[in-house]
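Next up, some structures in structure tokens.
Next, two complexes with chain A in common: one pairs it with chain B, the other with chain C.
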Partner chain A sequence: MLAGYDTLITNIALAVILAYSFHVVLMAGQLNLGQAGFASLGAYISSLVVPAEPLFGSLSPVLIGIPVGAAVGAGAAFLVGLPVLRLRGVFLAIGTIAFGEMVRVFMNNAEWTGGAIGLRVEKWVTVDLAWIVVAVLAYLFWRLGPSRIGRAFAAVREDELAAGSMGVDVVRTRMTSFVASGAIAGVYGVMFLYFFGRITPTTFDFSLTLGGLVTAVLGGYLVFFGPVLGAGFLTAVPEIQKALGVEAGWIHPFITGLLLLAVILFLPGGLSTLFARMRRVPAAPDPDLGALDGLPPLPDRGTPIARVRGLGKSYGAVQAVREVDLEIRSGEVLGVIGPNGAGKTTLVNMISGLETPTAGEGEILGVALGSPGGAHRFAQAGLSRTFQHSKLFDRLTALDNVLVGTHAISRSTYLRRLFWMPSARRDERRARALAWAQLRRVGLAERAHLRPSALSYGDQRRLEIARALAAHPTLLILDEPAAGMNHVEAGELAALIRGLAEDGITVLFIEHNVKMVLDTCTRLVVLNFGEVIASGEPHRVAADPKVVEAYLGAEEEESEHVR
Partner chain B sequence: MLQQLANGVFAGSIYALFAIGFTLVFGILRHLNLAHAAIFTAGAFVGIEIATRTGIPIWILFPIVAAIGALAGLLLERTAFRPLAGRDDEHFAGLISSVAFGGVLIALIQARYGTEPKSFPREYFPNQLFQFAGIRVTLTQLVTLGLALALMLGLAWLVSASSLGRAMRAVAENPTAARVVGVNVDRITAGTYALSSGLGTVAGALLALNLGQTERSLGASVELVGFAVIILGGLGSLWGAMAAGVILGLAEALTIHYFDSTWKGLVAFALLFAVLVLRPRGLFGHLKVREV
Partner chain C sequence: MRLKTSSGAAVIAAAALLASAACVSEEPSSNTTDSALSGSGTGADCVIDETVKIGAVFSLTEGAAFAGLYQQEGLTLAIEQLNAVGGVQYELIVEDDKTTVEDSVAAFEKLIDRDEVSVIVGPTLSGMAFTTYTDAQSAGVPALGVSTTAEGIPEIGDYIFRASVPEEVALAASIPAAKEALGLEKVAVLYDSADEFTASAFNTITDVLNDEGIEIVVEESFETTDTDFSAQLNKVLGTEVDAVILSALPGATVPLVKQARDLGVEAPIVGGNAFNSPVLVGALEDASEGLIVGGAWSAAAETTGNAEFIAAYNEAYERAPDQFAAQAYTAGFLIDQAVRSDCDANREAIKDNLGQILEFDSILGPISIDESGEVTQEPFVQIVENGAFTLL
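Right after this comes the complex of A and B.
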């Protein structure tokens, strides 16, 4: 019955493959629009190196072509990615479009490609083969979702800074998605070549890229089969139109355009939104006290874990921080206070690797300040932090937010998940148990399946702390954790921080709520105009005339924060 | 050689005209409007239809085309961009919704004008030839250059000196703050689209006048060069877009002169690629690229 539809069904499969090459970059929030170029390179180079006749009498050229296309696409994506991935958003999109066009013009002018006339090969792709490739891709993406790298993709998509601070190597994650996209596009090129038996440079033009993007977005990246939804939907339109006997050529693009507009306006996650809503919500596991067993021990109390000397940061003529010497010992709760603009956030940004100091040196958990690699290196060494303005992953649930926090202390599970290895399942289960334990600790277990936007402000701050704790940090940095909390909540937070210190976690926190700082910390550092003006036992420091003058002297302003 | 350079300047002025509408929207609203090419194409078809039906002279034709473009721009903003305002994925979704809007518009063009190319009526505009120092220039080319220059200077004046322009710059700087001090941000947004699309339709009609005819792919052929122009000039920089349009036109003309016309596409994109990688803010841009 389906015999007459072979071409149609294969076309759908090809559209799905192309859409997957967009799906993988959309998951990681990277707007790569160079797929046409990768597909073109894959197809042309495959036509060049793959023998035209079956190898050993039975190995069809397309089966050799697929790995060739994938390798060419991946290699090209890597080389293009080195310079281009320094760009983001619209700039990345336009840069990759430019790459695609350069490939097209090149193929048009080279001799071995047959120029504008193109190439002919024998057709080897059957409908079965096309759908086998789709099935393999769908499987790869199915296993990707709840894996460590899948979570890293989502984290990078939502907030690169927060992802890096949770130990995700942002540069590498973006490159991984980019290379995967190139490889899939290369496979698409090869499939196209051996299905239609003919390619020209304009086969792989900008409209092909737009078509793939539209399919992927229409399907949505929320579920692994999004591209199948998108391609099926787009193919259904002309078929329904044919069945209704509407002939006019403009109706098809017209309806497609209107539907696309409707989907993007009303279903922000594409068609996959409909399915993602149906997904069952996993129940909370029983309180698993063993979840925290087997984690590496924290350093002994009193061991120096961080030391900075003469640390300074200037932005042009503005000296935000200067000549700061600081030593942090394991187990202490170090409070940092100072008037607005005193350089507190800049200081912790330098300590956590988000900003490079312009003067001085230091070592945090064995990582030298200013060493290449950025924030994720510090996170992997055991530093974890929250931000002055919460940087939660907005489109992930509270639980998934905290799961990202386990990145730094978990092993990659994707490859093992592909082969259903029990150890991968164990690792994932352990990560979930850790995440639940931290959610319980901050009192958010009941709200684990809500998105951050559905949480109150105080809950969002607590969620961020839970995410930071999931990394099993040696040193936890909290940037104004009590901002926006009422004094009951602030009191609870102070108790939580003292509890963390009892567990041996070293806490450095910036806070304007002086009462809370004095109640919580074991040592107090006061910054003013970027310099340390006092440091030591909290109540003694608070009574220091210099501090009173610089900071507490501004009683009226601060009383607002204390409330 | 000189002839090629002159041709490059003429082509470049059309690129620039396409690109300033594009870059205006990006500079002020941070939207990448991928429907601009379709609006450009619509301008060409509408211009030809009005010229064919009424035979009105060119200086009446262009204001009408611009007005129609402005209306299309208002519709575009209303359907494809405003509903997305405030959403997490506003910018990305806007990219897709503008592709959708462009697709619908091109389909409507096909419905009304069919698939065959359309031409301006013969003798609609006197195609006089002038000779300067060995360079041959048609009247159409002169009108194109003059009109493009006038529109670009007019726009630059509007943005830098008028109160509307001040409001636009305020929105570009910080929409929330602009709203607080009493700027009607919705109206400025709609106005920016109207202005941008009006420029786009005029640019389309001008290119059609130069080519003598148009087809549905007219916009697509300029769109990619348009990207190159706005990146070279610096996204959001009007003067940059103008200069970059002419530079690209010249670069293409030189490529044709020294190599072959089939290579001309490579120049634009190689330049674009190099600028993006080496100097992402563009040759003339001072726009700060915020990553955080």
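Right after this comes the complex of A and C.
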């Protein structure tokens, strides 16, 4: 079958495998360019263990090499990741390129690798085997997409800060994608070695990395088969040119480059954009109240859930927050007000684990402030928040944004999805039901399929609240939720917040709209120059002369606000 | 329930597929003989009815295109001239390997299985030949290298031949010639230690120098990608040497020679194949004066048909040929010789006869290929004078 095309077809498969090792890091927004190094390690080390004779008489010895290559690539990626994953963006790219170069130079100088002359082995990889590996990878990525870890990848890619606040362990997610990339690159190295039968250190040079990256970006990460699209395109274009009688020479790469440019310009998500556009608009399921039943009960009204003492934060000589004592009890709606620069956002950032306090101590839902670890620990303990400037996941639909919110209260589904276990399906259905319930609650069910950029400003703020609510929070922190809303929208928002309080959710919110604060809060804290200057029953606090002076400014405005 | 049965079936199907694909099957290479490819008569009278297909794999794009394009032109020219002779008609199928192993292997497979060529010329680089020639060998297709000078290429198998003199042979020949012309006693040796071919050539150089009784005063190495050679050249400046012997790839040759002349190194520079190109002389401009070059071909050589070759090449491609073009051109005639000697263009016959080419009169001078596939040819030693190659 297809005699004379074996190599061509296998080359496509190999390109796909390599592209998948980029696909997985691009999904999580990590610009890892160390694949050549992982592939090289996988190939060279597997050559030490792959037997020279077929297994059990007829099985390809590469069946041993593939897991070895994957393990070597994953292990190397883990070790390299420990220091390198502190870097981001272009710095991560440079760090990983340096690793690839290190491996190449090492292999060039080591004795057992055959140096520059390289290794020669039997050719054990057949075209079928190569495509089976592709099929397995495609399957793994197909099942990854709508799983909890798949959503975590997307969330980290879009906004690490917001992802962490939604309970996604950012460090671990980045490492997972990095290690997966190393494993796939290791498999690629093994497949390459045993298909061509020979490698030299320069086989795994920077141009290999570049080829894989181009294939992955061209294919795009919006669909699981993006790498197949990319490799197919890059193989088909020269072949079609040849079939059309275009002479080889500079024209070939030129036309290929031109088409590549066109795709990147007009399809920012690569070729996968074409397929992602064909996706159906998700239909809202019937309200499934059963899904909400299984949620853990919120703490009883009045239970202390958070306490901070002597909390302070200084940036050099600037004291943003000082000596703040605060206790939050379940069921409260606590408003934090104060003039611009009073330290309100710094305070909630400390409470939600995004910033480490420089003084004082505290415990939020059982998690100690300042303890090592990321913001996700607070989220997993039941704290959920929005941001002063919306931090939505721009390339995800509204529904997918809210689904990320369910991260903290759902179980990992990926492994169970691989085996089609009904419990995984149940868990995913439950997550979707929770997400839809919150979208309905904020009135965005009709716009669930839109991206945040297509929503109005007020809708974006409400979407962020829905995302925060999807985590089933004990404590919900809203940082200026009504900013930019007109008074009708703000009124609806106030009603929503009161409704949340009735459901037992504790709300802490920063707001400048004093009317809204007075309408909704059960308690008010006023900050000025980083210090608490008043706290207590809202109307009494608002009438406090210190507050009037610090925050409300002129006395005649008081009557207008406090009514 | 339905899900279970269907997924169960899928698992079984996948397992079966996996099991079958993971199997290793040893297919015997089927080499059928086509009687239409063997004709009547011998030598010049040979007539073969069917068109003989010759495949060629060259690096026409990317890294090694500087050589591959000349090779394509040289071989094409040879085939055109051979077809004009009559009796045997050739069809040349050229594939571009884009200077990658993947495409090189794919190109060999296409030529072997789809085009079913009788013989393959190329590939351009030894690095690819190590992979592709094992395929040609196991498929039983003769392959003739025209620039694959690395050690160990003919040893891949009995179907593998080359018409390209290794670098070390060319360099080794230039040293006695230079000694005779310039009276060398003390020399400096500079070589690229990162490249396997130049590094192995360095070993040959030291052996030849010892045999000739020439003293090595300075011995310095550098790496393929280096661009600054002042440290090594200053050591040369500090001594009085009669010549500088250089084993380098074209990339390092140009800056090294230029820097040597700029720094005031006036001794003649002796080099190998990398010097043997009009492009290099053009790039070096005045710095090329006095370079001594050992190579497989010389534009100045009065070998059979050389002047005609250069004239025809200039007419066809509007540029002067280089050594790559000349060797590829010669390959066409060597194949023709092998086909005509038994008047048989089947793969087996070409293989048998390529290994018995003895003192074939070519533009490279008398050239022989033995059964092991290795070439024997007298290299040419030239010196650049007034911007042109002159035989030393």
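By our rule, the second predicted complex is superposed on the first by the 547 of 563 C-alpha atoms of A that agree within 3 Å, B and C clash if a C-alpha of one lies under 4 Å from a C-alpha of the other, contacts with A are read in each partner's own complex, and residues count from 1 in each chain.
In this section, a residue touches a chain if its C-beta (ideal position, glycine included) is under 8 Å from a C-beta of that chain, and two chains touch if they have at least 3 such contacts.
What you are looking at is a predicted structure, and each value in this text was computed from that prediction instead of being measured.
Under the clash rule set out above, the superposition-derived model of chain A with chain B and chain C contains a clash between the two partners. Applying the stated contact rule after C-alpha superposition, one finds that A:T126 touches chain C and leaves chain B untouched.
Of the two partner chains placed by the overlay, neither chain B nor chain C lies in contact with A:F78. When the two complexes are overlaid on their common chain A, residue A:T203 makes contact with chain C while staying clear of chain B. Applying the stated contact rule after C-alpha superposition, one finds that A:L8 touches chain C and leaves chain B untouched. When the shared chain is aligned, no partner comes close enough to touch A:F529: not chain B, not chain C. Residue contacts after overlaying the shared chain place A:W250 against chain B and chain C alike. Contacts of A:W142 after superposition on the shared chain: neither chain B nor chain C is touched. Touch criterion met: A:I117 reaches chain C, while chain B stays clear of it. In the superposed pair of complexes, A:W420 makes contact with chain C only, with no contact to chain B.
Across the superposed pair, chain B and chain C both touch chain A at residues 108, 116, 248-250, 252-253.
Touching chain B in their complex are the following residues of chain A: 31, 83-84, 86-91, 93-95, 97-99, 101-102, 104-106, 108-109, 116, 160-161, 206-207, 210, 213-214, 217, 248-254, 256-258, 260-261, 264-265, 268, 394-395. Contact residues of chain B toward chain A in the complex are 26, 32, 79-80, 83-84, 87-89, 91-93, 95-97, 99-104, 106-108, 110-111, 115, 220, 223-224, 227-228, 231, 235, 260, 262-263, 265-266, 268-270, 272-273, 276-277, 280, 289, 291-292.
Across the interface of their complex, chain C is touched by residues 3-8, 11, 14, 54, 58-63, 108, 115-118, 120, 123-124, 126, 128-129, 131-132, 196-198, 200, 202-203, 248-250, 252-253, 420 of chain A.
Contact residues of chain C toward chain A in the complex are 3, 7, 17-25, 60-62, 69, 94, 96, 101-103, 105-106, 108-110, 112-114, 127, 130-131, 134, 194-196.
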